[in-house]
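Paired with chain B in one complex and with chain C in the other, chain A is shared by the two complexes that follow.
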Partner chain A sequence: MSIDLSQFFDVFFEESFEGLDAMEAELLNLEPGKEDSETINTIFRAAHSIKGGSGTFGFVSVSDFTHVLETLLDQIRDGQRVLTAEHVNLLLKSVDCVRALLSALQAEEEPDLSEAQALKARFEAILGGEEPSSESAEAAAPEVETLQSTTYQIEFKPEPHLFKTGNEPLYMFSELAELGELEVSAFHDAIPDFLAFDPEDCFLHWRFFLTTTREEQAIAEIFEWVEDDAEIKIEACGGLFDDEPAQPQAAQVTEQAATPSADVATESGTVKQDAEAEQAQQTLEAVQQKVETVKNIKSESRKSNDSGATSIRVGIDKVDSLINMVGELVITQAMLSQIGDQEITESSIAALQEGLTQLAHNTRDLQENVMRIRMLPISFVFSRFPRLVRDTSQKLNKQVELKLVGEQTELDKTVMEKLSDPMVHLVRNSLDHGLETPEERIANGKDPVGTVTLNAFHQGGNIVIEIMDDGKGLDTEKIRSKAIANGLIQEADELSVEEINELIFMPGFSTADSVSDISGRGVGMDVVRRNIQALNGSVEVTSKQGVGSTFTIRLPLTLAILDGQLVQVAQHTYIIPLISIVESLQIDISKVSKVGKGLEVLRLRDEYIPILRLYGIFSHQGAREELDKTLLVVVESDNYKIGLLVDDLLAQQQVVIKSLEANYQKVDGISGATILGDGTVSLIIDISGLIKLSGLRRPGSTELLVDLKGEEAEPA
Partner chain B sequence: MIDQVGVNQQLMFDGESDEKQFLTFMMHDEEYGMDILAVQEIRGWEPVTTIPNSPNFVRGAMNLRGTIVPIIDLRMRFGIEAIEYGPLTVVIVVSVQIKEQQKIMGLVVDAVSDVYSIAEEKAKDVPDFQDSDNAYFVHGLVNVGQKMVVLLNLEKVLDLSDKSGLKG
Partner chain C sequence: MKKILAVDDSASMRQMVGFTLKKAGFDVTEAKDGSEALNLAKQQGFDAVISDVNMPVMDGITLIRELRNLPNYKFTPLLMLTTESGLDKKSEGKAAGATGWIVKPFNPDQLLAVLKKVIR
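Now for the complex of A and B:
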């Protein structure tokens, strides 16, 4: 009877990462000298469950490391030791270290233990009463190795129900073997008569001789999980086996158990021994099976990593309300089918209409609530910033206070995951470029402690996230001269302050004088903007010199639903995302001019808008081709404005985005599909893909285009 | 899950006999067969939404109870002349694993014909036609009574990125 532990790996990793997040958050709340026992307890509990879990699953590197961490926390909790700032820093580093170890294990890679060992040595130095310093840390590590080795006699007599509690002695044995030289003898005298033999019970007991440099404590720990299910005796018996050759290893444990009993079985063939042999055989098979499953998991987990399958925790209240709604839906359905069974009279038609209204209501509620399941409070993203701000501000020698507002604002999980990186970038920017050093701040009559505020709130169907700092604001002159130097604008261009601030989102723009590890690598705000636009969102900046700057990110609440404008092209209906539409207008032919071969441009106020004939790009026949009989939908994407020529504008509605790729393949210029009210499929236009497809290129920076590929060049 | 289905199929056939069931359909007076386990359902033809710039044999996309399913005209895929769709025209919805992804697609054929149990080893290899691209799609030929049935290799027929067998 074996349990495949690997099926719990995902849960373990997920919980451990959550535990680490909790540890980190609590550690940041800790102020040496003012710690309260509840906070320490929370950290301790998190560390303890990571240790327990990793021990169970055989991730020794993690459990060994968390053990020292836990010991320190335990001493602090019991008041034996006073928490210092040094401890907090060390603990924070070890959180990172455990996270790295776990990530490596999750990715099925060999974890890098060097950092763990260095940190562990420092912990041991602290625990050993020494003052922690990096030198003593290195000195402490080899010291452990030179300890005198002792031989222990260990008696392990499990209760019959050992296997039923999910414990596998084999794991414990191999752990023992890792501690030092191990000799195992198994006793099978307790195996009962065949009729009384229950294959799920454990009738074996063992005696070990272990020669190790580790303390008795380390041995006791291996048996920690089975303490209540077995008789365990550990006694030191001097250097009795000191000169024995090193031989017993984990694999041999199984063999020793299996070979003698199998031999006996062939000789005498008594029922009792048969049963034992069978059991030993089972153990062997189980081991083999495990090896195979581990192999399988390796290949499987690679696959699942690719697809990025994750899980979310959903509040029970959300599930309850869903169940309620489904209940209502069932009632409505029952009512409708009852009406359907009756003869049709005037009153039944009225009842039918009423029922349908109710059904529509139920469905809408249900849809909203199902969407809510994917919604998580934005604190999941916000919570990583206290640490980031702490570390970054220390590196920059700046004093920063971080304010988080609206942490409970809910947001779709997929949006949230993609939001994190751009936000980190923006916050780092605020810390590096925005805030001044304390000296500069005092000179400018400001509080030496700068403030960065993260604010999230809902507005309409969008979530708005503001990243505000009270630093020096954007230096418009510097941006302007930099933009001229980079050829983004001309010397003669007259730009408003807003337009100049917009320039920081242009590719290849960075005002940092020196490239630092924090920002200024050249990939900058343009990447932020592109990432956010990929989520159908927008990012803007407002700034006042000397007072501070505010970055505003606007995102749709979910990626699964989109506000769309239905348009007609020939006999086909397409959907244009409402967020990218600037305006829709009838074309004034006198303002259309032709550029190059066949490219038409409309002069709209101060801008020239290239006209894309949708029917041409999509190779549809039978569309209206005369400019004055059609409509132009002006859309914006990647700072481009283009006009899409359509036959007609239809309704505006929310559409549920469905994948076209799932069963087909990627289609250029199409981002997905949806199902309209009448059950037909309609395709959603991907504006930036369309620009690419049309062959519009950006020759300079301020000019928008030219050179439309001939339509015959399009693939038919 | 996908792998599991494969295993189950295997077990089923190992357990019973070597015979496999094939759904056959008519196209241009020829009878073609496909593994019945790939077939999800058979529907009548209904108008679909055109997918722009798609190959000519992709008729468009259809709503199959909330899933977007591409519809492929098998005549055009094989380079056979197109005919007007009539009351007998059907869409066979199949589920096929293409490049480790399970895809659901619809195939437009002239009419469905029959279901045969055929031992797979009876299927004969395709004669080596020199210039027939379509041989690529054929899994084997088999005789049922007086008729000959062409067994299709659905994975190849529906792998749209594979242009090797493409005509027109």
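Now for the complex of A and C:
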């Protein structure tokens, strides 16, 4: 039978990666000396399944490696070996290694085996140089055929309980017959009197004479499962020498198999020949199957590369509720079209309105539920932190307890993928800069074990993630002097604590006394902030010296929908992401000044806000140009505030983002488009893109062209 | 059509066994652990059961022991799938009432060849 095993690969990879995640999580829970058997069992099962699967699906590199892992775990499980911290470290490394091997195999690349071999050597050293059993090799080894036939006498005397093992002697005998020429005699002398006869027991025994070219081993294998339930004697009692040469090569087998009918015809009736031809046929089939598999793999390779890891697992309940809602939608649609067929009367208009309300309701429900499909619990991101915290704190010689709160909080898969890196950065920062060493903590009267807490929760349409540590907090004095040294602020500037803390998000800012390999070099919090802003989110810090710091990340739940402020510019409607709007105001002309090449700035409290005329940037005619008749929307991006001049503010609403790149092409200053209720297309403004487009940024610098020092601005 | 119950906690193995057996003309029901399998086995009759050994909730050995004690499964072939070719597991399975064992890894042809020993 030809079965293409590659069709099961996707499932295998998916469950193996899940198994590895489970292994990792359980390993991190393990404390040598205090391990409980269920944890070890879970780890063992995961390793065991990966080994079994990889062996079955032909990933020998993985099954070879996981074998040593399994052996060690098995010994620990059976209490033959005591778990040590070294084992845990080694097992964790192995998880990484297997993950790498599987990723390479999934991408259909040649896996790098050097790491696996090094780890395997260490496992083998632990296992006391025990020979890694070449179990799989044995199983795969082809049976050597001796084409010389031998006649065996086989005695088979089963115990009475044979049937209760589920074995069927008849099938064994026909299997024997497949080996060669078989002669059977049954003996019924052991059958008791009728009254003593138990119909569920076996009272027969048999004697066979089998003439076969196979070895005794092949016969023993047939009786393998009943060897303890029966008396079995296999004796070679002689045989005939066969003239036929051995034909081990596949090519010859093929040839032979191609003309089996002729062979059988000339030497008709001999079971041996039949069996041989059948074997040859089987070999041929096996070869063909291999060829087919290779073909399949080749043809599938492109396909699977394309699909990549873009699949998403959705709970059946979510799909069910969707189907339910589509059902509702269909009912509403039917209802509306029925009303449409009727004559328009007053009552039908009322019904129509009711139907439309219901339609709106259905649509909103459906939209929410479709969005829910992309939602995954944040534990997918959180789950990588126990390992990270463990490794990092070991490196830093700090004692850390990690608390995860709100792991079931859901957020969009795309947001989640992009959230991971900034979070890693922040957590490393907390471990490296935030938490003190145990000695320092004891000296300060704190618990020597520091705590890092990751907390996620929903707030409005946002997800909030807090990264808290009970460390030493931000050193405002140090930040201040550093900022002065870097020219970010002036000596004379009076800044509040919050403003000073904000400085750590400025480009090129780093307070670490020495650059460590933990929290990276150079790439600092500004990158974190930029990455989060790219997701339409924000990141803030609150800190108290000696008590700890909290970094708060706020993100929209999804990238597909955004809260937008609709604004009017000439006859066009644009959308500004609500999250970037600081305030909207009417302009007080007396506070507008002109700087440089006709750039207007508004003095707003003690800041100067450059004014961008949207109609000018997007070349629209017929917009209001007088500053006092328009409105200014102050937005913030990349730490800069700018004012966008619009004719009017319209509604605020959630808009579904459609990609411009996918439907048209990339447009500078525009991040996407949406379709409004009346069917018109509206463009969504990309604030940081707009700043670039307007030429506000000083070339070669991240500063805006506006000088923050008011003296230089001339009155307009 | 002969009915087979395939029990394995690994979805890929389950699919592979299931697919192979269906293609060979068997009616296959899948279960993801011993306890699920036991419930299925009590509700419907199966002509053979193929079970993995290491599974959460209820392992394969326990499943086999439980099944063998059911009147309907007194004579039913119960096969265990195992990578542990060690004697321990085999004799443990045998003591629990297993008919035989199949060594993992196996390919579809090997599976069918072994199965032929007990069900046709």
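Simple rule for what comes next: the second predicted complex is superposed on the first by the 497 of 716 C-alpha atoms of A that agree within 3 Å, B and C clash if a C-alpha of one lies under 4 Å from a C-alpha of the other, contacts with A are read in each partner's own complex, and residues count from 1 in each chain.
Simple rule for what comes next: a contact is a pair of C-beta atoms (placed from the backbone, for glycine too) under 8 Å apart; a residue touches a chain by one contact, two chains touch by 3 or more.
What you see is a predicted model, and the numbers here were worked out from it, not measured in a lab.
Visitor: Scan A:E224 for contacts with chain B and chain C and give back first, second, both or neither.
Guide: second
Visitor: Once the shared chain is lined up, is A:F17 touching chain B (first), chain C (second), both, or neither of them?
Guide: neither
Visitor: So in the superposed three-chain picture, is A:H572 touching just chain B, just chain C, both, or none of them (first/second/both/neither)?
Guide: After superposition on chain A, A:H572 lies in contact with chain B alone.
Visitor: Counting touched residues of chain A, say whether chain B or chain C comes out ahead.
Guide: Comparing touch counts on chain A for chain B and chain C gives C.
Visitor: Just checking: does A:H48 make contact with chain B only, chain C only, both, or neither of them? Give me first, second, both or neither.
Guide: A:H48 contacts chain C only, not chain B.
Visitor: State whether A:A673 touches chain B only (first), chain C only (second), both chains, or neither.
Guide: In the superposed model, A:A673 contacts chain B only, not chain C.
Visitor: Of the partners chain B and chain C, which touch A:L660 in the superposed model: first, second, both, neither?
Guide: In the superposition, A:L660 contacts chain B only.
Visitor: For A:S682, is the partner it touches chain B (first), chain C (second), both, or none of the two (neither)?
Guide: It touches chain B, and chain C stays clear.
Visitor: Under the touch definition given earlier, write down the residues of chain B that touch chain A in their complex.
Guide: 47-54, 58, 60-63, 66-70, 103-105, 160-161
Visitor: Over in the complex, which chain C residues touch chain A? Could you list them?
Guide: Against chain A, chain C makes touches at 9-13, 15-16, 19-20, 23-24, 48, 52, 54-56, 68, 74-78, 81, 83-85, 94, 97-101, 103-109, 112, 116-120.
Visitor: Which residues of chain A touch chain B in their complex?
Guide: 572-573, 617-620, 658-660, 662-665, 667-670, 673, 675, 679-683, 714-716
Visitor: Help me check something: in the complex, which residues belonging to chain A touch chain C?
Guide: 1, 3, 5, 7-9, 11-12, 14-15, 42, 44-45, 48-49, 51-57, 63, 70, 74, 133, 135-136, 139, 163-168, 171-172, 175, 200, 222, 224-225, 228, 286
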